[in-house]
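Shared between the two complexes below is chain A, which pairs with chain B and chain C, respectively.
== the complex of A and B ==
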């Protein structure tokens, strides 16, 4: 991987659905470096990604969009810098049902602000804990407190339509930024 | 009067809350313009949404029976003078930019619910000073209602704005489609309850929210209906109210968003996503939004109305632009790349 490639990064803590989301989009069977989870105290899933997930989209004009999933555990945070550099956008997935979901979210946002400050950011919150949508509020509030305006949608990463909604929104934000930049130049 | 109201009133100054009557009087011979009539309907809505939050219980009445009479500024001086001579307090509805008036009992449109609340409390105090405390009425206040018709498309959005502004968690609002209750909205504007069939219709039928009749009511049944995020209902009520900008929005003003509605629930089409994304990045008026998002003026207005009702739209310039992301330029440029990527993902080609 390098900073000169077209890529969308799926970030988020362990179990948030990054591998599933990439599988929903990729033209190829995603390459996952999953191993047995030795941190069952943090999450009960049996397999987890230790380096990255990889998939891609091969467009008919020769462009290839690479899809990367970051490892979820914070001890692999050094990988995030490498993966996020030059990404056309970042989809941050969150599992709202986890006790430490907000702490995880804060940590990811803080890191992404540092390493990918200007890339479009889309947040997908899965496993809702309320029917009235109030489980989104703490995540929205944290973004607001950081002066960040970004979409925060309730989604189910197992549903392709939900993953597509996140990607479509990312493309719209990217398009809006490109248009703003073009107007500023002209 | 509820026990809570009485306790609140006693805590406020030892005065037991009473039943107050207020008359909303239309302009003579329909002299008020549409905006004036709209302002009066807004006040009507606020009166019932504020129920339970004021020291006194306010109910609507005819002018002869009322303690307070609300008129349009410029109403006939003779009848206004006659009401004053009988000890009735007069409140004027004025429009922005209008000046004058004998006292500060003026509501200048657009007025927030907080201003109405303050005025009602002040008027309660004046009535206490001018007459013996009224007897506590055991009779329930008449049910006030906001009815939606083709000519009153903004009543529901205005009612919802008031609900959000007041956040009265003692209240339940019930929406009816014809005679049948179909939706229950918490008075704090946080959630609504409806059947799955209603929610499907809400998403598919653009005229549904214009047919709904909303009134103060009772909690939802324990079965058949499910709790939903209120933002979903607010979005569709705003989006489907009409093709023009909402009365509280100014077409000369530029707008931007402070947050996104939960489109995971609302599921808008690509044009809406494109427009809202523009408002994340730039501050645009309705005409510029239509041009940049490649939608009609009517759709741009609907999007702004919906965002406003979801309380994520603010007027004013966009914040200072952030640094430029170092993005890899696709072969053939971004426009073609985005179009091909959408096609590849089956998202459809943009307009």
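== the complex of A and C ==
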């Protein structure tokens, strides 16, 4: 990886909007590994990612962010380990409208704390179930209960500005960590 | 593991495919596993059937999708076979002709037989499996 290349991984359950988010943000036509979804009992979407998504975002400062999306289903967990290796941070997307949204979220947080323990985590909650943002509270509460400091945003994965906010927040968290370390050394 | 949609994997087809894979493994002594998968990583049939074969199904579908993606990016038309040559054996993943959603056959083999023989036998197996599909 070149000095100006940063790798960010979009993780989350099936249908959370990972492929959509990368498509919204990428400067290039993303690499997709979507195939027909045969498990319509679990999710009604027609296509599902089975290996990865890959996109590319050029930042104003010249850095390039490489955007990787994971498959959402646990049978593809081997890809999560592979894709998170070398990432500077993780964006976890979740669909608030799903009945099992919080259970899925808990499972992903547990997994990500194991395979990406040191990388900052940013959470994007899609398909809001409240107008006042109160649907974010259970996700924030779970993170707090685990002692995890991670910003939680309501997002629309189709909106470039929303997805860009997640990435920019992640970069700000990283920058703050570097400054903190520098202060500690001095 | 999420539930499976039996509409794409009717029990009769899975049973017939399993018997066919058993015969294939018996006829090709170097083959350790033969797994028939959906394109989204579900095991349809396998021989021998073990917990590992579910993982092989998911991994082979990822690899198949990646091989198709890299073929597209490189400007090559439809990827056909995926071959992994390891020190002590070979894995081949082949798409079943005429299946939609696509199914694939993943075979794990030792290296006693030549790759050419393995591919020839695997292609014949794919054709036979495709013919078992309900019309």
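By our rule, the second predicted complex is superposed on the first by the 174 of 186 C-alpha atoms of A that agree within 3 Å, B and C clash if a C-alpha of one lies under 4 Å from a C-alpha of the other, contacts with A are read in each partner's own complex, and residues count from 1 in each chain.
Methods note: a residue touches a chain if its C-beta (ideal position, glycine included) is under 8 Å from a C-beta of that chain, and two chains touch if they have at least 3 such contacts.
Because the structure is predicted, anything quoted here is derived from the model rather than measured.
In the superposition on chain A, contact of A:124 is made with chain B only, not with chain C. Using the contact criterion defined above for the overlaid structures, shared-chain residue A:144 touches chain B, although it does not reach chain C. In the superposed model, A:63 makes contact with chain B only, not with chain C. When both complexes are overlaid on chain A, the residue A:162 reaches chain B alone and has no touch with chain C.
When both complexes are overlaid on chain A, the residue A:28 reaches neither chain B nor chain C. Number of chain A residues touched is higher for B, counting chain B against chain C. Those residues of chain A whose C-beta lies close enough to touch chain B in the complex are 3-6, 25, 57, 59-63, 65, 85-86, 88, 116-120, 124-125, 131-134, 136, 140, 143-144, 147, 149-155, 162, 164-165, 167-169, 171-181, 184. Per the touch definition, chain C reaches chain A in the complex via residues 1-5, 8-9, 38-42, 54-55, 57-59, 61-63, 65-66, 68-69, 73, 100-102. Listed in rising order, the residues of chain B touching chain A in the complex are 190-191, 226-232, 257-260, 262-265, 267, 270, 273-274, 276-278, 280-282, 292, 319, 321-328, 330-332, 334-338, 340-342, 344-347. Residue ranges on chain A touching chain C, taken from their complex, read 31-42, 48, 50-52, 71, 73-76, 78-79.
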